[in-house]
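Take a look at this one; I'll ask things after.
Letters are used for the chains, namely A, B, C, D, E, F and G, taken in the order the chains are written, and counting of residues starts over at 1 for each.
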Amino acid sequence: MPRPIDVLDRSKGKRVIVRLKNGIEITGMLQAFDLHLNIWLEEAEERREDTHIKLGSVLIRGDTIVLISPE
Amino acid sequence: MPRPIDVLDRSKGKRVIVRLKNGIEITGMLQAFDLHLNIWLEEAEERREDTHIKLGSVLIRGDTIVLISPE
Amino acid sequence: MPRPIDVLDRSKGKRVIVRLKNGIEITGMLQAFDLHLNIWLEEAEERREDTHIKLGSVLIRGDTIVLISPE
Amino acid sequence: MPRPIDVLDRSKGKRVIVRLKNGIEITGMLQAFDLHLNIWLEEAEERREDTHIKLGSVLIRGDTIVLISPE
Amino acid sequence: MPRPIDVLDRSKGKRVIVRLKNGIEITGMLQAFDLHLNIWLEEAEERREDTHIKLGSVLIRGDTIVLISPE
Amino acid sequence: MPRPIDVLDRSKGKRVIVRLKNGIEITGMLQAFDLHLNIWLEEAEERREDTHIKLGSVLIRGDTIVLISPE
Amino acid sequence: MPRPIDVLDRSKGKRVIVRLKNGIEITGMLQAFDLHLNIWLEEAEERREDTHIKLGSVLIRGDTIVLISPE
């Protein structure tokens, strides 16, 4: 039986969009994740309305995440 | 004795509505879920008042969910 | 010694009112519950002030619940 | 050594006041409680400023509770 | 090595001040506590600005507490 | 490999600043701490803008803490 | 398979930016971290809009963190 995080396995090395509880969206190349949905992105970029801010490498804490979607 | 998540088992592969704590509703075809209510949807769509935004594949973190209902 | 959730056992198959942390009330026929107070209702209906919205089958996540009361 | 919940043992079958995180107070006859402070009350009544609303039997989720006091 | 809750052991049977996350302060004679910082007070009194409200016996849920201080 | 709380070990018996989630800062001599970051301070003092309030001994619940810094 | 916190291993002894749930950003030399993302920084500095405040050594509680990024 497939598990929800299997959708992340298919996105390894690809670009995903991560939406945070504070309303911010971060995109980046998915490097790694764990069962808490802690996530490591490369070439990450923050999107807040019209501004894009480069973050580079970033570790996002799972409990701040609403959803993750392959771009 | 039936368990609450059994209602999700009956909805596998069908369209469900997921209501989030931030007030947003997301619909999609239910692919998988786990005991934390982490959910994987395909053909997902976000509904916020009059706007529908296509999300495609999406993993929703269980702790952001208020309720899930088969459409 | 009786446990708090025993009050739910007596309500199986009967209509209960569930009050959520966001102030919304949902009523429905109690099908199943677990120790986290995740709840499965049938013929569910959302009550918000004067409006009643039919939800049908619904799984409510336990951590969004304030109280549950047999109607 | 006495435990905090021992104060509840002394209140079994008596009326208690339960104050919730959302500011509402509920009183009722204490039937049962568990280690999470989930609580089952009978003849429960909600007190919000000047209004008293009869709730009957009610299960209150422990994590919404600030304090419990024998009346 | 001393543990943080040892400061409570020294306060058993004495008056403590408990500050809650909602800004309210409650004082009372410390009867018992556990590792979650659930607390049982006797002769408890709520202090909110200029008003003192007698609560008598009270069980305070640990996760609503910011700090506890011997008076 | 050093652990984050090792920085607290070096501060035992010295004055630390504790910043809480509600924006308040408390300083005091660090007596003890545990893995939840529950903290026991002596000669504690609350700092809120221009006011300093003496608290004496205080137990701060770990989950209300943002950061701890040796003064 | 790499884990999300491996991105922190590569940043040991280097400067990272930590963004907190309350919107504050703190930079510092990463000394240690654990699985809860509790973090020990040296030469830490708080950045809030135009002001930089020196914090020196600091222990940041993991559950207040949104993301961590090597500078």
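Everything below uses one rule, namely that contacts are C-beta pairs under 8 Å (C-beta built on N, C-alpha and C of every residue); 3 or more make two chains touch, one makes a residue touch a chain.
This one's a predicted model, so the numbers in the text were calculated from it and none came from an experiment.
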Applying the touch definition from the top, give me the chains sitting in contact with each of chain D and chain F.
E
Report the inter-centroid distance (CA atoms only) between chain C and chain G in whole Å.
42
So what's the Cα centroid distance for chain A and chain G, whole Å?
19
Taking each chain's centre as the mean of its CA atoms, how far is chain E from chain G in angstrom?
33
Which residues belonging to chain E are in contact with no fewer than two other chains?
63
Round the ring, starting at chain E and heading to chain F first, what is the chain order?
E, F, G, A, B, C, D
Can you name the residues of chain F that touch chain E in the complex?
20, 22, 26, 31-34, 38-40, 44, 55-61, 63-64
Chain C residues within the chain D interface of the complex
1-8, 21, 37, 62-63, 65-70
